[in-house]
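Below are two complexes that have chain A in common, paired first with chain B and then with chain C.
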Partner chain A sequence: MKKESILGKIVECVFLAFLFLLFVFPFYWMLITSLKTTLEAVQFPPTLWPSKLIFANYADAWKAAGFVKYGKNTIIITFAAVALQLIASVPAAFAFARMNFRGKKLFFTIILSDMMIPIQAIFIPIFLMYSRLGWLNTYRSMIIPFIYSGYSIFFMHNAFMQVSNEVLEAARLDGSSELAVMFKVIMPMIKPVIITLALLCFVRRWNDYFWNTVLTTNDTVRTLPIAINAITEAKDELLRRWDVSMAGNVMLMAPLLILYTVASKRIKSAFVYSGIK
Partner chain B sequence: MAIILEGVKKIYPGTTEPVMEDFNLTIKDGSFTVLLGPSGCGKTTALRMIAGLEEVTAGKIYIDGADVTTVDPGARNIAMVFQNYAIYPHMTVRGNIEFGLKNYKITKAKIQERVNGVLAQTGLTDLAGRMPAQLSGGQRQRVALARAMSKSPMAFLMDEPLSNLDAKLRSQMRSELIQLFDALGVTFIYVTHDQTEALTMATDIVVMYEGRIMQQGTPQEVYENPANIFVAQFIGDPGMNVLKLKNEAFVGFKPRALRLVRPANGDFEIAGQILTREFLGHEYMYTIDVGCGRIVLRTGQMIDAGTTHTFYADAADLCYFDKNQNRTFEPQQAKVVQVFHVDE
Partner chain C sequence: MSMNDTTATLSRERLELKERSWFYKALNTALKCPYVLIAPAIIVALWMVIYPIFFGLYASFTKWDMFTKSFTWVGLANYKFLLVSEDFWKTMGNTLLYMVVFVLAGISLNVLLGVFLNKNKPAHNLIQTIMFTPHIISFVSVALIWLWLMQPANGILNYVLNILGLKSSYWYRSADSSLLSILIVALWKGMGYGVLVVISGLRSIPQYVYEAARLDKSSKPNTFFKITLPLLSPTLFFLIVTSVVSSFCTYDVVALMTKGGTDNSSNLLAYYIYQQGFLFGHFGRAMAASMILLVMTSVISFLNFKFAGKEVHYQ
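Entry: the complex of A and B
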């Protein structure tokens, strides 16, 4: 019995260590590459630690990727899309989960089926539509399509369904309007879910490559992922500058890591108090 | 304030069978009315319609003379205590009590005064800053009660508020509710399927079965004078033994009314064999096979299982019912044909 449990522990530890490496290694690779010389970055066999730390790569990346200009675009687009998406999804999900109206089932089915269509399957008509509207190379085209998200509505809907009906009824008996029930009772109760969703949505918009490439023909509203990617494509360099590109990626990721840390603290503290139904 | 349900019909959306139809109930001003009945008889439905949480399909609801059939729950001047407390998990005890008050036009100072008042009254003052997750079940129940009290409602509605508490706490809360009722002097409507709760707390009991009112009266009336076989068998622990007679009428008597010696005006006798004996502490409960079914006897006397006896009942202890199962006061003398149970 005891032997088995020790063996089980070892297997568990090995497995977890394996998973840890699987997830952490790419980040480690990115980090060390960002500190190598251009030559060492492409050297074979690769080194696991830079022979010399080149911090100047970060300054190069900052300049090469146009962090100020594209960073501004990224920030505007991400914040606007996340905020508007939440503003739209939360009430929509509340209505689907907690109110009765005609056509509710039909609309919900449409939303669910929309979740299953990959964007790659429909981007050509969307591109044509936006180009006729004259929306190419605008913030509008980067933000407005993301106000609606079937995924977000579905995600929130499930959270709303979890909340005990009686708490909402108690709030109604306490004289709350439906809006007050939503804002003052149900939303604080599912705060961890809202934070999680905001985070997921933020990461998706922040790292978006596809949409931003498709709907831009010049660099007015291009974002950091594209600018950073362009570093390695630069034609006038002898070697692809993986070192600089990785430095750019580290800087692109940094805000996300900070956000994760802050959010996960918030999520944990919110869970403590939503434990009872 | 009196509450009246008039010709109320309720069909839940998506179903076809009405839960209740032509339901008429008057709840007297200042009464502690208990809706009592087996699971699924429509007690919660009736309560929720009074609260405005459930729409009526047809009929009217009056509170204090005003037709509130379509009035919002928050505007009916009532408070409700739910079975699972339904306190706001993200607010402190104080926050829970304040929340409702803030929705009404009351000054901040008044709110604080009231909150502190009910906190003291319910013994929650020291817990005011706690979150619900840090409270025991009994304390949460108290918060729910305090929240209801803070609104100084004209009526308190409670749906099995004690069923999640352990036996000791339940009996303690029972007596606290009685004290609260006496102190506030407002109408209480209390739903339960536990007759001990009903008999101990109520001034008025409404016995319900399958969406109908079987009897409404004081606990004594309902206990001593059942209006029909359903009530006779539902009230009591266990309920009355009811025997079907040859002329289609019925005779009933409580398990404690049966005796082994013929009383002075013994009006009823039946022979039977003791099947089982259960010790209840202060007395025994016996199951007796009387040939056409089983009846129950409760007595302090020790009788051996397997023995056969003749059992008697005093004329004053007998209740008669007509063939529609309603109470009749004409004595019926026909031969017993069968032991009868309403819900089988």
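Entry: the complex of A and C
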């Protein structure tokens, strides 16, 4: 009995170590490659630790990817999308949760439609639409579709439903304006949900690859992920500078990794919450 | 804060408000009008989701001329083209194969690792947190890392294979292994998320069920198959539905790693749509393929609505 449990412990430790390696090594390899010289990076068999640590790759990647330009685009698009999505979603969710009006059911079905319709099935009509409107390669083409999110409205709607009526009635009887009720009573109560949804929207927009490649025809409003990817794509396969590419990749994911270390619990629960409830 | 305090703050607020501008009054009135509140979201939903479906349906019966920017009605020609196109069927086959492997392998690993990591010990929690990292970074980052790991000439994965006495693989570059390669990458990226979902499902199973099982001297495998799995079924159902839909819509990993691969060996439906539209300029065909994708995902969503919360809840 005792022997078995020791064996079990060993197996457990080995398995844990294996999982650790499986999910940490790729990141380690990216980081190490970014610190090697070009020659050492492509050397085979590879070296597990660089003979000399080089930081020049980061400067090269910064220039090669056009970090300033694409970083600016990423920041504009991400923050505008987060802000506008909240501005549009909070009132809509409030209306669906706390008010009665004609056509509510129909409107709510329309709101939920994007949870059932994948953008991969409708991006071509949207592209044609943009091209007719002359919207291709503009910030608005990257931001406006994300003002609306069925997910956000749905989850905020659920949060609003949980605010008890008595609190609201008390505030209203007291003669507070609707705006005061909204900002002083309701908003503090659903703040965690709002932060969660803002976080989700931020991460998704920051990481976006599909929308930003498919619905643009030139570099004007492209974002960092596309620029970093282009470091390697621009060159012949055999001449690829993996060291520079990995340095760019480190810089691309750094903001997210920092955010994740600071708020890992919140981010994990944000993603899981958005899926299940 | 007590109720009295709240009321006091609110009254003070109310007094201040009276002096505020027309803008404030307008906002305040708007808050009482539901149609104003939902208008921005509804307008964008109709414009960016509902309208494109109908536009797309119409466009799938037409041929789009790039130069005159006009549509010509061609009836079912686009659908007929797809039905006899070898590339399309290859792509459909790949998409279904990808879906089956992604769902089966993904979910069994999620459950296995979820049960294993659900112990609330520091090491287990650390692994959980680390495992989730790939889910929050861009697919570009993940694809770049794996392209480098899988380099046929000097990637470290081949080095490991060589050490183990195996032959180097061409990974994503060869027709034989490109679909497998993108599956590995997609599974790696999504693993932490699925595990976390399974763990939160496991934690919602009440402890007394397990205590009863222990009293009945139920064996570990018996407890797992007769208690854990059935009680986990709503979670599993959710995971299955989302994985099926996301595997039907897989675009990023294909575009970033193989671009469809040699002989469409790893081409999937979403990338095929992109190719037909943007690379070959056949917007009508792309739209027809989009409609097929839409039907596929709608069937899943429909099943989801029909069965979620009915057949799978046992408690």
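Points to keep in mind about this one:
Please note the rule applied: the second predicted complex is superposed on the first by the 202 of 277 C-alpha atoms of A that agree within 3 Å, B and C clash if a C-alpha of one lies under 4 Å from a C-alpha of the other, contacts with A are read in each partner's own complex, and residues count from 1 in each chain.
Convention: a contact is a pair of C-beta atoms (placed from the backbone, for glycine too) under 8 Å apart; a residue touches a chain by one contact, two chains touch by 3 or more.
This structure is a prediction, so every number in the text was calculated from the model and none was measured.
Once chain A of one complex is fitted onto chain A of the other, the partner contacts of A:263 are absent, as it touches neither chain B nor chain C. When the two structures are aligned on the shared chain, A:83 is found in touch with neither chain B nor chain C. Shared-chain residue A:122: touches chain C; no touch with chain B. After overlaying the two complexes on the shared chain, residue contacts for A:176 are found with chain B and with chain C alike.
When the two complexes are overlaid, the chain among chain B and chain C that reaches more residues of chain A is C. Contact with neither chain B nor chain C is seen for A:31 once the two complexes are overlaid on the shared chain. Looking at the shared chain after the overlay, A:164 reaches chain B, while chain C stays out of its contact range.
By the touch criterion defined above, A:191 reaches chain B but does not reach chain C.
Residue contacts after overlaying the shared chain place A:75 against neither chain B nor chain C.
Shared contact residues on chain A (touching chain B in one structure, chain C in the other): 170-171, 174-176, 180, 184-185, 272, 275-276.
For chain A in complex with chain C, the touching residues are 15-16, 19-20, 22-24, 26-27, 29-30, 33, 42-46, 87-89, 91-92, 94-96, 99, 101, 104, 107, 110-111, 113-114, 116-118, 120-129, 131-132, 144-145, 147-148, 150, 153, 170-171, 174-180, 182, 184-185, 203, 206-210, 213-214, 225-226, 228-229, 232, 238, 242, 245-246, 249, 252-253, 256-257, 260, 264, 267-268, 271-272, 275-276.
Looking at the complex, you find that chain B touches chain A at residues 13, 51-53, 72-75, 78-80, 82-84, 86-90, 99-100, 103-104, 131-133, 140, 147, 151.
Contacts from chain C toward chain A in the complex involve residues 3, 6-7, 9-11, 13-14, 17, 24, 27-28, 31-32, 34-38, 40-42, 44-46, 48-53, 55-56, 59, 64, 69, 113, 116, 123-124, 127, 129-141, 143-149, 151, 153-154, 156, 159, 162, 188, 191-193, 196-197, 200-201, 235, 238, 242, 245, 248-249, 251-252, 255-256, 270, 273-274, 277-278, 283, 286-287, 290-291, 293-294, 297-298, 301. Within the complex, the chain A residues that touch chain B are 100, 164, 166-167, 169-176, 180, 184-185, 188-189, 191, 272-277.
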